[in-house]
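Take a look at this one; I'll ask things after.
In order of appearance the chains are A, B and C, and numbering begins at 1 in each one.
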Amino acid sequence: MGRYVLRRLLQMIPVFVGATLLIFLMVNVMGDPIAGLCGERQCDPATAAQLRRDFGLDQPVWQQYLTYMGNVFTGDFGTAFNGQPVTELMATAFPVTIRLTVVAILFEIVIGITLGVLTGLRRGRPVDTTVLILTLVVISVPTFVTGLLLQLLLGVEWGWIKPSVSPAADFGELIVPGLVLASVSLAYVTRLTRTTLAENRRSDYVRTAIAKGLPRRRVVGRHLLRNSLIPVVTFIGADIGALMGGAIVTERIFNIHGVGYQLYQGILRQNTQTVVGFVTVLVLVFLVANLLVDLLYAVLDPRIRYA
Amino acid sequence: MPEQPQQPEGAIAGTGAGGAMDLAASEATALERGPGGYGGRGGQDKPRSLWSDAWRDLRRSPVFLASSVVILFLVVISVWPSLITSGNPLQCDLAKAQDGSQPGHPFGFDGQGCDVYTRTVYGARASVTVGVCATLGVALLGSVLGGLAGFFGGAWDGFLSRMTDIFFAIPVVLGGLVLLSVVTSNTVWPVIGFMVLLGWPQIARIARGSVITARQNDYVQAARSLGASPARILLRHIAPNAVAPVIVVATIALGTYIALEATLSYLGVGLKPPSVSWGIDISAASPYVRNAPHALLWPSGALAITVLAFIMLGDAVRDALDPKLR
Amino acid sequence: MLLEVHDLHVEFGTRDGVAHAVNGVSYRVDAGETLAVLGESGSGKSVTAQAVMGILDTPPGRITGGRVLFQGRDLLRLKEEERRRVRGAEMAMIFQDSLSALNPVLTVGDQLGEMFTVHRGMSRRDARLRAVELMDRVRIPAAAQRVGDYPHQFSGGMRQRIMIAMALALEPALVIADEPTTALDVTVQAQVMDLLAELQREYRMGLVLITHDLGVVADVADRIAVMYAGRIVETAPVHDLYKAPAHPYTRGLLDSIPRLDLKGRELYAIQGMPPSLTRVPPGCAFHPRCPLARDVCRTDVPPLQAVQGPGAEEGERASACHFWRECLHG
């Protein structure tokens, strides 16, 4: 196990470097790294040239990347467009997005798995067909449309929620945005649960359990669900990284000042350090989440052994 | 690395744990599959392949038929939008801004006073073009790269696997924002190029997996032992069997690319005005949604139906091609 | 009488129409007796067993007629909850493929102990002790250490012993073993079969042994029922049947066993293929493959009729062939 973790950590390094380098190059091609460093104004040419030298921007890109990464590992993520250190932005933005992600994951677990179990056990019945069509609709309607519609209905027409989230962004305010963020994954979780459940329902060990004279509740709960939820749990785990990175649209709709908001601002203002800094952290979250999911898999399924 | 449900629909990967069908059903199907005729000497049944079986199922599937009709309609109006509208999507009259439905303008007017019906019809072109071209590019690039990696293995395979890992680690919308925010071009090509760039690893992974599965089949081993060349084995024996999962995933992906185009346009980095796209219209309509919800709802509805049609099509094709789910 | 299946009919809805998997099967098993049900795959032997156990998948399966009398009660008329209490406790089943029939993510101790906690209301601790005893009983080495292992950590033979232990846990009156040794290596087959036979004698259980292997049958069975296309075509005490089969299908099966004394000759094989259950031939289902077939076979379904023959007492043998006499003496 320890060896496996070590090997996986080593494997993460090239992926991490590759992904951050890719983003670094993309941002460098697109942006002006010193934009914003003079505040809201444009820098005058002399200052700009001075800044470029100071920041090493006259050096080749790969050297800039190394310097940047070196700084990152000492905790220096650079300066954002408004003159704040990027780390300060992160300190305010990440807690918000993490709360949003937690709400979304809870929705996936509670609603997604419940619906999946309900439909998986009643394949072909009206409930099943209805939920199945609903999931297709949810998958088909892009998140930003779902978000705008829910905002229009719940926020503007019916006044159940405030259309935009306050800077504090506590859990209560994040329920609807969390549902929007979760919506597509929620539908996938439902379908995945349904599929694996329906597949395993015909499996030999479930038949054995019935032949043993176990009550239906025990056959389903202990034998069928225990096996069927393994892929679902791993899907949800792997989704954590994707949700945090995909929160841009949701955060923009509900005006949530989280990671996506800061990234969007950074991209609009062409601030390299904000964008690369946030993406670096997101990539790291994604990789660690995936590693944890793989380890979780071994815990859930005794047949998997890591060498 | 253990198997991971990268593809949310576990059914496609097809690594169900239990695997074995129940005896009763398998006994029944074993017979059903046997040659026809009473004593079995006849064998007059037409040969049944995966494809002819799938086609037979598809023709009977209402989901397939309905989504095909919708898609056909979308393709036709994206080529000849003038068939169902005589208006010009760029001819707007600010005096009519946010007005509701009127004779000749069933969907009303948007914030710029443009006819929402005409713009919604013309918006299909961008979506269909992006969806189809991006899917073709992704499927071609992904299956060639993934297929070769699966077939030859070795260093190329290792390199490719790391590459797909890298691309998977970058959130798609984020990558689109970064990459497309510098593009000033007003055509669909940068958007398509971006989708191919970030989309190919998904197909590559599927193609690689199914080529590896097909390569281990007994008949492939047999062909190899009979001295067939690698090219012949790949094209004649492996490709036909590996292509089904790619088709399924690509069809479903087509729908998601259309949604992605709209999302990027909504964020202001996909297509830009004066291009006509549902994403642009939805984005433009959102600030004054309280006064003119119709300007938001019609393009949203069109977008949702389009994506739904492609995803349903993919779903129907998957059901037909995956006998395990029957 | 322990078990009496009477005129059982089972159908399956398939894409090609209704498959008649079981068409009026009747058989009886006494306490302590072993009945071998012999047939090719698709003959309906497993489906019959599943209907008896009450584990048929419905749909697509459907029991359309007949009775299953178990210790005098018609199981098909019981409520599901009463039926459940019979399963596992009074009649149990051993499956063919122990790797897929055991739950991969639960320890064998959990799966064995479950019998005691559910049916006997034992505590988990006591159930675990009983699980170890059972594993000892089926001669699994170091049972106490291995009780916490998962199925995939055992060899095929050991796993099948665990299946047997699970079936015998509550000392049921009847055990149905569906091809219990087919998935095993030949050397292990005999050991597992011997264990099963020994435990059966000890507990005086009725045993229904479903198999397609005539070799297995000869050693352990008292009587044989041969099935073809969802019907029983011949029943007989095992030695009578081997000596002189009264149905051409049985004769064909016996003739296709490789024999050392006939080494070098071409092996006999029944010509043709088993019929599709959606299109069972009219008349005798075996007629397209039968060397004795005549016109009457193509039109009239032969009833299962008593056979008087050498060594057969009255009512012990029956054959569903119009020309059983010819077969018996030919």
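Structural remarks
Keep this in mind: a residue touches a chain if its C-beta (ideal position, glycine included) is under 8 Å from a C-beta of that chain, and two chains touch if they have at least 3 such contacts.
The model shown is predicted, which means the values in this text are computed figures rather than measured ones.
Each of A-C and A-B has its own count of C-beta contacts, and the greater count is at A-B.
Among the other chains, A has the CA centre that is most remote from the centre of subunit C. Centroid to centroid, with C-alpha atoms defining each point, subunit B and subunit C lie 49 Å apart. Each chain gets one centre point, the mean of its Cα atoms, and the points for subunit A and subunit C are 53 Å apart. Note: centroid distance subunit A to subunit B, computed from Cα atoms, is 22 Å.
In subunit B, the residues touching two or more other chains are 17-20, 22, 25. Under the contact definition stated at the top, the residues of subunit C that touch 2 or more other chains are 57, 97, 100, 104. Annotation for subunit A: residues 202-205, 207, 227, 230, 301 touch two or more other chains. Residue ranges on subunit B touching subunit A, taken from their complex, read 1-2, 4-6, 8-11, 16-22, 25, 162-163, 165-166, 169-175, 177-179, 181-182, 255, 259-260, 262-263, 266-267, 282, 286, 289-290, 293, 296, 300, 303-305, 307-308, 311-312, 315, 324-325. Chain contact summary for the complex, subunit C toward subunit A: residues 53, 55, 57, 84-89, 92-93, 95, 97, 100-106, 114-115, 118-119, 150, 152, 166. Of all residues in subunit A, those touching subunit B in their complex are 8, 14-16, 18-19, 22-23, 26-27, 29-31, 136-137, 139-145, 148-149, 152, 156, 185, 188-189, 191-192, 195-196, 198-200, 202-207, 227, 230-231, 234-235, 238, 241-242, 245-246, 248-249, 252, 263-264, 267-268, 275, 279, 282-283, 286-287, 290, 293-294, 297-298, 301, 304, 306. If you check the complex, the residues on subunit A that touch subunit C are 202-205, 207-215, 218, 222-223, 226-227, 230, 300-303.
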